[in-house]
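Handing you a structure now.
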Amino acid sequence: MEHDIFGAIDEKTVLDANQVVINMGPQHPSTHGVLRVKLTLDGERVIDTDCIIGYLHRGTEKIVENRPYAAGVPYFDRTDYVAAVSNNLGYVECVEKMLGVEVPPRVQYIRTMMTEFQRIASHLLWLGTHALDIGAMTVFLYAFREREEILKLFEALFGARLTIHAFRIGGLWQDLPVGFLDACRRFSDTIGEHINEYEGLLTNNRIWLERTRDIGVISAQDAIDLGLTGPVLRGSGVNYDVRKARPYSAYADFDFDIPLGVHGDTYDRYLVRIEEMRQSNRIIQQCITRMPTGPIRAKAPRVIKPPVGEYYHSVEGPKGELGYYIVSEGKTSPYRVRIRPPTFINLQALKKLVKGHLVADVVAIIGTLDIVLGEIDR
Amino acid sequence: MLVSYVPIIIFLVVAISLPVVGLAAGRLLRPFNPFKEKLMPYECGVDPEGDARERYSVRYYIIAILFVVFDVETIFLFPWAVLYRKLALFGFIEMLIFILILMVGYIYIWKKGALEWV
Amino acid sequence: MNILVNYVVIPLVKIVVIVAILSGGIAYLTLMERKVIARLQHRLGPMRVGWHGILQPIADGLKFIIKEDIIPIKADRFVFTIAPGISLVPAFIVFSVIPFGPPDSLWGTGGYVTDVNIALLFAVAVSSVGVLGVILGGWASNSKYPLLGALRSSAQMVSYEVAMGFGIIGVLLVANSLSLVEIVEKQRSMGVWFFFVQPIAFLIYYFCGMAETNRLPFDLPEAETELVGGFHTEYSGFRFSLFFIAEYANMITVSSLAVTLFFGGWLRPFSSVAALSFLDIIPPPLWFVIKVLIFLYIFIWVRGTLPRFRFDQLMRIGWKVFLPVAMANVMVTGAILLKFL
Amino acid sequence: MITTNHYLVLAAIVFTIGVIGVLTRRNILIIFMSIELILNSVNINLVAFSYLLKNVVGQVFAIFVITVAAAEAAIGLGIIIALFRNKETIQADEIDLLKW
Amino acid sequence: MIDQIIFYTLAFIIVAMSLMVILARNAVRSALYLISALLGFAALYIRLQAELLAGVQILVYVGGIMVLFLFVIMLVSVRTMEHQARQTRQWKAAVVIALGVAAELIYLIVRGGSIFVTKQPPDALLTKSQNTQVVGEALYSTYLLPFEIASVLLLVAMIGAVVLAKKKI
């Protein structure tokens, strides 16, 4: 402040830095599980962060390596435990790829439809908790109201709600129950309105805008460099979606758009996810109207012994590119299984995103990354 | 009318007795089973890093100072507002000068960025 | 002897009644809050204890009393113990000056505990003491989240207190009295509620009141998603409930003062219109309660709708929007009043 | 009967306590609080005389004293903070250099 | 009689709390005692019919200045000082001097007391809803200049505080 009294603000001179180290998590209401973030604060400003993970490590990959291929599926219910269907799809398709099995179209349509339901459910959970972190508690309960409907559909088809063991290698456990498609149609007819409802509470809300605009901005280049995928990447305007880039299941048959953000801030990621829900609904509607008939199982060997080799297959999970890398030695259980968990990689961005923001923004940014610790720690 | 303050004293006594009675009654009813982990300061389930009585940002202090200054300003406004009808134009100009002088300081701190939290 | 009856016995009865109503009111305010928010969120709220959860507040209160009361090992025990009291007591004694009925009501004893001639100043001053409880509570816990929460909280509370004070000055310019009874009487004699004279002052007052009571969208001090529980993170059991009660008592205080200053206190709507005199069937204290309930409802409604501000935004609004607007409001009101003098 | 003298004696006692605090304590913050005590004892005198003489001037001056106290606290505590950041101490007798 | 009870109770509170202020080990405790003393002063002002002043005392001192004190106590960590000596080395001499001053003051009051000993003034001085007006009238007419100067003082305080809080002086 050596210049004249109305001169420019010199940040360093006005206020002094006193650093305080504070632990956010593992037992914190908004770190979404047992993430521990060590924040170095100057007042309310974040100078540095350190993520400490591993509180939920269960050794999923190692367990699966000691099980027959078919018995591995339920373990992947529990990695990203709010998107079990997507996880199952990735693993099942990977094993099918290893075996060279071609699944019937009806199975592919059902799988695609359920995966899109799962995407909506996962995004709803994200929306609810993200909004709750920023203080809008009502959105949380609205979102859970619709998520409940999806879980009911899961229960009808798979017999469970959360950890559902959705798909079997080579097909499905059972065909669609009577009236299931009607229930799906009822849901998909109303979800659009409900999404409008959430948007009514948030999208143009001044406080919401102030809390999310220009918070946690990441440029397209940085996002690519960090290996981000999913809505976090697309929020920065990079058009990469596994469903379009390397279509799997029945995605090639459907008409849908990939929403993209512009600024790469929290608000854009919010908009991208909201629009993704609408697009998922579009896919669901196409699935319902064009649902083919036919068998629900492919001719897969009873004892699964894939040929020797390395295989990688990835799907677009709700949170990003979810890849499975499996090495087979030709035995009944895999030699090595490695998951490419999207949120583990997305979480890397946290350090970069929060630097210079306030404590309250840390919460918003953790929310916008949409992390699930089950998947990060595996 | 000094007596009209007596009820306030009574109210004060009643209001103070409420938490005292509550705490005393609770002491008879509630369990008491402390152990080390329970009595540790909360820091999200891990051992605290360093001492909590660190020094915190000076920004809070600036806010408090500005508050005290403006608080004193309001105490001059209270009698002024009550008397306003009597003081009329004279009072208006008087207070205008008073507030304008303080406005200089307000604009200064605004320009200096003391009101920014950044 | 007369003085003893007038200034000790009768007020004592009133105080006991008010404290009882207030305690019960606060308990049921929590139930109201849960029920209203539940309605907003398509759910039922408490349903188990009693018919439609009607006994829930009693169960909550009991639980507060029988829960273990933990004092952290590093805490300053003495300060830790009295801090909630410092929060609670001012929140309660403000009601000694708030009038809920005209001077001739309640068998001629006056619809207030006492009518002092600095009532408004007293109310503002006493409610400004409550912030000490928050600071001391956070400091005494000797833990990071409470300390950070206490600093935040008190910075927020004092910031908005300034704008609130300026907002009140606007009313004072019109009313020319610090006595709350006279302010209401003035609204009757002028035939208009001060809200219609001083709408900007009211908005500033009410928003600042929300900030003062740490309610959404200004609930940062207790923002559980950021600072866990803010200044009361380490508090449990009955001590915690004292902070909790203080917050709700402050909500009622802010609403009561808003009603008294801007919405004619105990007066029925359009008190100057004789054609509406059938409204007098509802006694004045009830009118007061109804109005207060409306404001409490708005508190809850806002909580169910809005996200919360960030700290820098909160400070910016307090210091850069509310304060200048409130100051301008005072001077503009003064200038306009000059014409009528 | 309570006369003005009573108030004066009370003020003198508080004043003395304040002076003792200022002279003996090492903690600058407590020294400051003692100064507040001294200012308040002065206010008692002003108000007591205002009551005795039936003249409100004493109260007006008490208000000015409070204003001064507020300004003094603001600046004084500002100095303490500046001092603390440079010297890492708030003990009065450790701050004995005119320049550092 | 009631008058005596009021006075001696308040006087006892004020003196005891003031003593605790300078005896307490911890600055936060000191602040707490000072708050109690200040509230006692406010009550005394009400007794002396300075109602406005009592309100101002609570608003500015208890709700303002003491908040500022507590903030500063939190900003400069008090933890380190609790184990050190409370008093300066010259404390014995200081107490003696202060007591000397006190003796002198009280001697003056007692000797000159007859000037002030008057009958208790009747409460008619300032009747209901008058105090604020009367004080205000004096404040905004006769003492106009001090009033305006007060704003300059506050201006200085405001600017000074911001300047002092910067890193380098």
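For reference, chains read A, B, C, D and E in written order, and residue numbers begin at 1 within each chain.
Just so it is clear, a contact is a pair of C-beta atoms (placed from the backbone, for glycine too) under 8 Å apart; a residue touches a chain by one contact, two chains touch by 3 or more.
These figures come from a predicted structure and were not determined experimentally.
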Exercise. What is the graph distance from chain B to chain E, where chains are linked when they touch?
Worked result: 1
Exercise. A-B versus D-E: which has more C-beta pairs touching?
Worked result: D-E
Seminar exercise, completed: The distance between the C-alpha centres of chain C and chain D, rounded to whole Å, is 33
Seminar exercise, completed: Note: chain D sits from chain B at a C-alpha centroid distance in Å of 21
For this session: Mind checking the centre-to-centre distance between chain C and chain E? Centres are C-alpha means, answer in whole Å.
Result: 29
Exercise. If you average the Cα atoms of chain A and of chain D to get two centres, how far apart are those centres in Å?
Worked result: 62
Exercise. So which stretches of chain D touch two or more other chains?
Worked result: 63, 66-67, 70-71, 73-74, 77-78, 81, 85
Seminar exercise, completed: Within chain E, the set of residues that touch 2 or more other chains is 49, 52, 55-56, 59-60, 63-65, 67-68, 71-76, 128, 131-132, 135, 139, 150, 154, 157-158, 161-162, 165, 167
For this session: Find every residue in chain C that makes contact with two or more other chains and list them.
Result: 116-117, 121-122, 128, 144-145, 147-148, 151, 154, 158, 161, 177-178, 228, 311-312
For this session: Provide the residue numbers of chain B that touch chain C in the complex, in ascending order.
Result: 1, 3-8, 10-12, 14-16, 18-20, 22-23, 25-26, 29-34, 36, 38-44, 48, 52-54, 56, 60, 63-64, 66-67, 70-71, 74, 77-78, 81-85, 88-89, 91-92, 95-96, 99, 106, 110, 115-118
Exercise. What residues of chain E sit close enough to touch chain B in their complex?
Worked result: 46-47, 49, 52, 55-56, 59-60, 63-65, 67-68, 71-72, 74-79, 123, 127-128, 132-133, 135-137, 139-140, 144, 147-148, 150-152, 154-155, 157-159, 161-162, 165
Seminar exercise, completed: Given the complex, residues on chain C that touch chain E span 76, 78-79, 82, 116-118, 121-122, 124-126, 128-129, 131-132, 135-136, 139-140, 147, 150-151, 154, 158, 161, 177-179, 182
Exercise. Given the complex with chain E, which residues does chain B contribute to the contact?
Worked result: 1-2, 5, 51, 53-56, 58, 60-62, 64-69, 71-76, 78-80, 82-83, 86-87, 90-91, 94, 97-99, 101-102, 104-106, 108-109, 112, 114
Seminar exercise, completed: In the complex, chain A touches chain C at residues 20, 22, 28-30, 44, 131-138, 141-142, 145, 201-202, 205, 207-208, 210-211, 358-363
